[in-house]
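What follows are several structures.
Shared between the two complexes below is chain A, which has chain B as its partner in the first and chain C in the second.
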Partner chain A sequence: MNFLYALTHKVREAPISAGTFNLVCITMACVVAVHASHLPIWLTLLLGFALLASHWRRRHRPGKTPMWLKLPLTLGLLAGIVVWYGNLFGREPGSAFAVGLLVLKTFECETVRDVRVAVAFACFALMAALLSDQGLVVTVAVALAIVPALMSLRSLEPGQAQRTITQAALPALGLLAAAVPLALLAFLFVPRLSEPLWGAPAADTAKPGLSSSMSPGDLTELLTDDSAAMRVSFDGVAPGPDQRYFRAFVMWNFDGRRWDHGYGRRGEVAGLLPQGPVATYEITLEATHRRTLPALDVPMAAPEGARLSADRELSSNDRIDDVRRYRLSSALGYGLQADLDENTRRLGLQLPPNFDPRARALAQQWRLTFGQNDEGIARAALGLFHDGGFRYTLAPAPLGRDSIDDFLFNTHEGFCEHYASAFTFLMRAAGIPARVVTGYQGGFYNRLGQYLLVRQSNAHAWSEVWLAGRGWVRFDPTGAVRPERIAADGTSAGDGSGPWYQPAWLQAARNRWDIVNRLWAQGVTGFDALRQRSLLQPFGVREAPPSMLVTILASGICLLAAIGLGWALYRRPEGDVAQRALARLKARLERRGLASRASEAPGHYFSRAARFWPSQRKELESLGTLYNHLTYARSEPAPELARRFARMAREFRPPRVVK
Partner chain B sequence: MTRVARAWSAVLRRAERRLPSLTRLRSPEALPIVLHRRRIYIVPTGFGLGFTVLLAVMVLGALNYSNNSALLLTCLVGAAAAGSMLVAFRTLDGIALTAIRAQTVVAGEDVPLTIDIAPGKRTRSSLQMDVAGRRLAFAVVSDVSVTLELALPTEQRGYMAMPRMRLFTTWPLGMFRAWSWLHPEHKVLVYPRAEAFGPPPRDPSLDADRGRPHPGDEPAALRMYRPGDPRRQIAWKLSARHEFLLVKDMEQPAPEAEWQLSWQSMHGMDNESRIARLARWVNEAHLAGYRWSLALPDRLFDVAQGDEHFHRCMTALALQP
Partner chain C sequence: MSAPEPIRDNTFKRRLDAGIEQVNSVLLGKPRQVKLAFTCLIARGHLLLEDVPGVGKTTLAHALAATFDLDFQRIQFTSDLLPSDIIGVSVYERDGGTFRFHPGPIFTRLLLADEINRASPKTQSALLEAMAEGQATVDGVTHALPQPFFVVATQNPLDLAGTFPLPDSQLDRFMLRVSLDYPDAAAERALLSGADRRDILAQLQPTLDGAALDMLHTQSLATTVSPALLDYLQALLAATRRHPDIRVGLSPRAGLSLLAASRAWALASGRDYVLPEDIQALFVPAASHRLIPGKGAHREAIARAILAEVAVG
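And now, the complex of A and B:
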């Protein structure tokens, strides 16, 4: 069977095969697919169409693409992106332009060089897709997209036996699989930069999340967003649902419509007197592109790289552009700021003049009724919400200028921020210092993964009221209206039961899937410089410096290289038992001075050896006879004879020649 | 000799012993040639270097943006690229050039060659061989030898050494090029080119009986009829004048021409022209089925005919100094 392939003088200049072009098109389709989540839909569709057109063209109109076709396509792409994004620079338009150019590159994929350039930059574009989302799904998709890229490169090599696409895919997958150990080693030990070398990318669109101000209706978008906000794993038992309040912002300033956090109050941190259990936990926070770190009410001290504001809000020293993990201890029962200084008291009573007269009147009336019993007033307000015909809805009617009055006496519907806002207003109007706190409340406790999943939809707003002798006390007026919102192991804040497209089994599946996401976020995405340094803790190294990481990386690479070389150098032994034994014996005798000749039959070799070492003549001759008998007397050598020959050859000791 | 020079030559000797292909590059070696780790070289290709730069940029970007997913996948692609180096090595390691067969041609023609490549117990893809400005691409299946066919141009008579051949591969990703030089100790015999036109050989013995009828034209002899002779061979007219039947004896072999070709018979010609003329005469005599002898300055080929005689004579002519 002979394979003889066409002789071409310059193989590299040869046009690529149809199979290669198909693989390149598949690669480009993968690139478009992994970028589809952030490309505008019209561009995704156009690029898919262009890819099909390019494929059709090469099949039916082979040859070079004329310039009058290529130039308008490229200019059109450029114009479309500039019109859509407003400019060409920046991550989003830049990656859109790169993906577009790659797809257009298929119009001029004629030579080996073209394909290599296209595939190399396709790899680059695939990695760029991870800049906008480095979740598990996208990462796996990108990893799979590498396979057709490698297959394209393989198909370029000349002189291959014809293969089906699965026969071509398996070796490429095998190559990737064999690369996994080295990749993992490099991933674990390549020292991470503690600070970026150049400017960290500015987020083009702020992710929805808690913001530092609150006006009615702001949270609606957030409360319907089921993406994960953070995951909390507790040392020991998780606190009950009614204690799962994660504070993010404390808001003092109210202008009649909007509660505002300002920049956080600096100054002396409010004194905290823990009363009761202390929870210790670790939070894995998704990227927020802000500085605030939510913490369970009330954090006792700031973790490394963060500080406490005067109102015990935690804020990080740098912006959270990546998954962040931090450990905290919080007092679940507490006395917060038992003594209120005059400044803070004034701030806690501040109200905009000429707003909401009916609410103020109501508060004054309560003050007359309850006298100095501040807590009684607060209970009265909660009772109003509970019995006053209020309704919890995520789609409340819009409010007028006097938003509090409108809500309290007119619409009677709203969600947490309406209630917190109105409650705080009423307290202040009654002369009780109060403030709005926003953050997250509740969450889903994943028993399988032993952690609390807090979603964006768990965003919440509540009030804190300063009571003499007790300090700041949390009041959640939403709970008065809709207790299940607070108490439930709720998954969604929506009104009524879950929407029709989210049946229970789907929710359950999503909760399991979230464990995988959490592991991914902890193990891969959140593997930063800090965690890398503590990587060697199980081996007794408290903090591994970068030089140690590099040493480990180098030695690991050497070890893997040795394994790889062992694999590369291993040759399956040729021949049967007797032939191998003969080859070993010959090698040994050669070291003693008797080299075998290429043209020599084994029998001749042994007789020559017998002359060389006359003292061993008998043994050598019997070896020769046995080998000849084994090899030439029968078509199938008897295994026991072959083994005997092998044993004899192994035990033969040529005498040392004294020179 | 200074100590430094001695040390240097010791290093060189050791290097040549450890890397035989450094020396084998210069001296041809006997078949079979088995490739092994000390004679296989690997360097990245231009594409490999470019891809490495791209990977470096990707790693730097991933580190800068602390994007661990991108870092992981970049490491994966990089490790796969590094692994492809080992695959390239394995593609060449253990492959053997077992035999070369060449036909004989006259100088100036292309000599067809076949080269046998034994793959050993490994299937190898996308092997390429550069030989004499041509490039062959082929694949081999384990335990099945491949025969490559190619043609080498020839220029002069005599033994032509096999050119240095390069067996290489860029399998699987085109990022590394592994190669080994093959310089087999195999010589191809090239016969001298015959001159295009020239006089027939002049032979003194032929001059003497010029005018004698050419053999085979006429019946050579008449003899008495023997029972069993075919009737049409009876010479009826002649028999009429005799008492017995005469038969034209056609069966007697016609005396063949004997060309006595001699180096000395040509005067005032240089060696190459003599060789070219002798080659033409030998060719003509061989084709016509004549018998010929060939006298060269150093040896004499006695009168004979046939393929073996032809090849002996042509070999001697090819190897004339």
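And now, the complex of A and C:
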């Protein structure tokens, strides 16, 4: 045992070659690169610099890094992260700290043991990158970053100090490829948990999204965000662009500047009378960290795990922290809440007192002009927006205290929020129940992938006005100012001249890329516990229990192991009879206590064996002589001698050594 | 079972054994080094003995000279030794009115170059050129050296003061480099209690002449080298070329030299075929001085590491 300890201890403390250190540095660079998208830029740059410095140090100042250098570096990293993130716990600061420590580890990478520790930690850090993003690009990048890690480990093996990167990369890629079947098996059959295992919570503000309140300018950030909000695939023909309104929030409460959900309208779900076509579709929603599920106007019933509010807003029973898929049917033509009760009517007419006198006056004037014709008043308001010199822009002038007056009579510029807000105000001032609805509108229909891509920039706000005999009717005042915003089949909210102009080929490329992303999101990221249970449906198992999954997983692993073993045996180097017999004999004698080394000459090995078992000395010596004779004393192969050696070796029975 | 076939003509082998035994009686406790020295001469290689002063380098060289019945010259290398002191000079003769070449001590069959690294590089290279080419050139006239021509050189380790280390390329001229090391306790005790080495040397009888040496050389060339052995030898050479601590690995010439020495070693061991053991015995003395290691690496340690790493096929 002492000998064994000394041996392993020595190996672990063995110094590493320059090539291995280079590979470790490359591995660390890959880890930083994979994490770069969520690390603060200063940290990425500093870590890159530290890596270069570490490499330079090993070349020009070899030896141990002094503590006075290591300690301040580590403390500096700690301080930087605490200052930047506010604390050290949670997903983001945690992984930033891990990556930083990893890079600093290269300053003390001197022995084989150091490299093993550093590479193992690097693999963990690579996995941590998947906590913040499981997209296709990051997943592929993580897989590729494992290659230098494997190369580093392989270069530690004796005789593996390869000269070129290519020579070292091929076996590593081979190892990675060999792991793919196992990874697929694990992906399909390791039982999923409904909740993620790790509890490191992401901040709510990680991504802007629609919120349950709206004040002028709120949506600007969203309207310039080109990332996907959701993807919708319709059964049959997709509805036309003018019908692509996805409602998320209905807002009743106005305080002069800000619309919000308030307490919402309580009570029964508003009655819905479908008139005309019904669209059935499936939505794949990106994580929002909220409960609301956008639905095409107007959803007929809630899917499993979600419920309809009184105003037919759809909300999930749990937070959408991951990609979510749900199926829905919506009535494209409808009569919504034909009867308005007194409470709801009052809610729909509520206005803050002492605000916006000019707008109120204008509405009163319309009421006088149109009498009881509510729809006429609404048309007049749309006409005002269309002909009144209003301009659609994402960068409107700021508004004063009386924001509606200011917008209607002074600035004349704004985007959907401003128009929806002003329109709803005017309707209420004229005594017509009205409310603001926010959600998404439009989207790009990807013909290749047969789905509608809705981006964050498709966020929109519009109005619903209650007309007697018809119920709530959707009015989109933005359409009156900028019809193409509504009718367009386009991709961005841009006003054409802004920074959002993109050449057609770039848009086309982005849309193709989005198909790939969608497939990844649906096929890989969206493969959740629910879908896993229905995995075996084609084989008649309606819902596979975890025990069945585990059984399949175990059998699959056994099968893969058997295939791997078979392959290894099949690829075993073809030696001659005598060599194989010698190898078998060596293995047998090794079990009886006689260690052997590949670099030992056979003759030497047999004399050692003869000393080990003095009682069998004669047999062992003649085995050695015979082997040497048939292998080295002639230039031609000697099959009959080889067979004789093989027989003798097979028949040799070493006595048990009593210790 | 059939025993390995014995060497057909035993006469020379017996004389070789007798010679080895005789040298062993002078240089106590160093049978491996003595066998290496004989191996080197059988394989027609030059021998470099390297160690600290006083461990018997010169004694070994003298014993070899006395055992081989060959013309023998000894040159004590010093820092003021000139190339002409070893090769010879052309002297003008008044009688004939011509220059006549007076050969130097190098014109012999067995040359003992004592403390070769004390001479200036210029003198060293004069000797080493003669070793490589088997000839010496003076005043534009090339004089062939007698064949066979052996050099047994001794040198002190390079870290001693007052030496000019041999350049890497010139170390390649030596087939084997052998360190003597201190004798073990028993051998040293016998040495202290025995007679004066110089007296013993004077009593030695030559056992091998030039013809016998030629015959042994021919026999060594006839030893069997199997494909499996060549595979192993080639694997060793290849390993020196991709080892991270070696700047320049072994050349094919070094490989040939190692094989020739291994053949002679097999013969000296009484076999007419070469075993992996032979190559392993010769690898460090034949290869370590030809490896050009990277910074801070030790040649012999690397050579041993390679031996421990490469599998015997």
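Basically, the second predicted complex is superposed on the first by the 535 of 659 C-alpha atoms of A that agree within 3 Å, B and C clash if a C-alpha of one lies under 4 Å from a C-alpha of the other, contacts with A are read in each partner's own complex, and residues count from 1 in each chain.
Here is the rule we go by: contacts are C-beta pairs under 8 Å (C-beta built on N, C-alpha and C of every residue); 3 or more make two chains touch, one makes a residue touch a chain.
It should be emphasised that the depicted structure is a prediction, and the values quoted were computed from it without experimental measurement.
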Which superposed partner A:190 touches (first chain B, second chain C, both, neither): first
Which of chain B and chain C A:138 touches, first, second, both or neither: first
Dominant contact partner of chain A by residue count, chain C or chain B: B
Chain B versus chain C as contact partner of A:635, first or second or both or neither: second
Touching partner for A:598 - first (chain B), second (chain C), both, neither: both
Which superposed partner A:625 touches (first chain B, second chain C, both, neither): second
First (chain B), second (chain C), both or neither touched by A:17: second
Partner chain in contact with A:564 - chain B first, chain C second, else both or neither: first
Overlap of the chain B and chain C footprints on chain A, listed as residue numbers: 158-159, 161, 598
Contacting residues of chain A [partner chain C, same complex]: 17-19, 158-159, 161-163, 579, 597-604, 622, 625-626, 628-629, 631-635, 644
Complex contact set, residues of chain B against chain A: 30, 37, 47, 50-51, 54, 57-80, 82-84, 86-87, 89-90, 93-94, 120-122, 125-128, 133-141, 144, 146-150, 169-175
Residue numbers on chain C that touch chain A, as the complex places them: 1-5, 224-229, 239, 242-245, 271-277, 280, 307-313
Complex contacts: residues of chain A adjacent to chain B: 1-5, 7-11, 112, 116, 120-121, 123-124, 126-127, 130-131, 134-135, 138-139, 142-143, 146, 150, 153-154, 156-161, 171, 175-176, 178-184, 186-187, 190, 192-193, 196-198, 200-201, 322, 524-528, 564-565, 567-569, 571-572, 574, 598
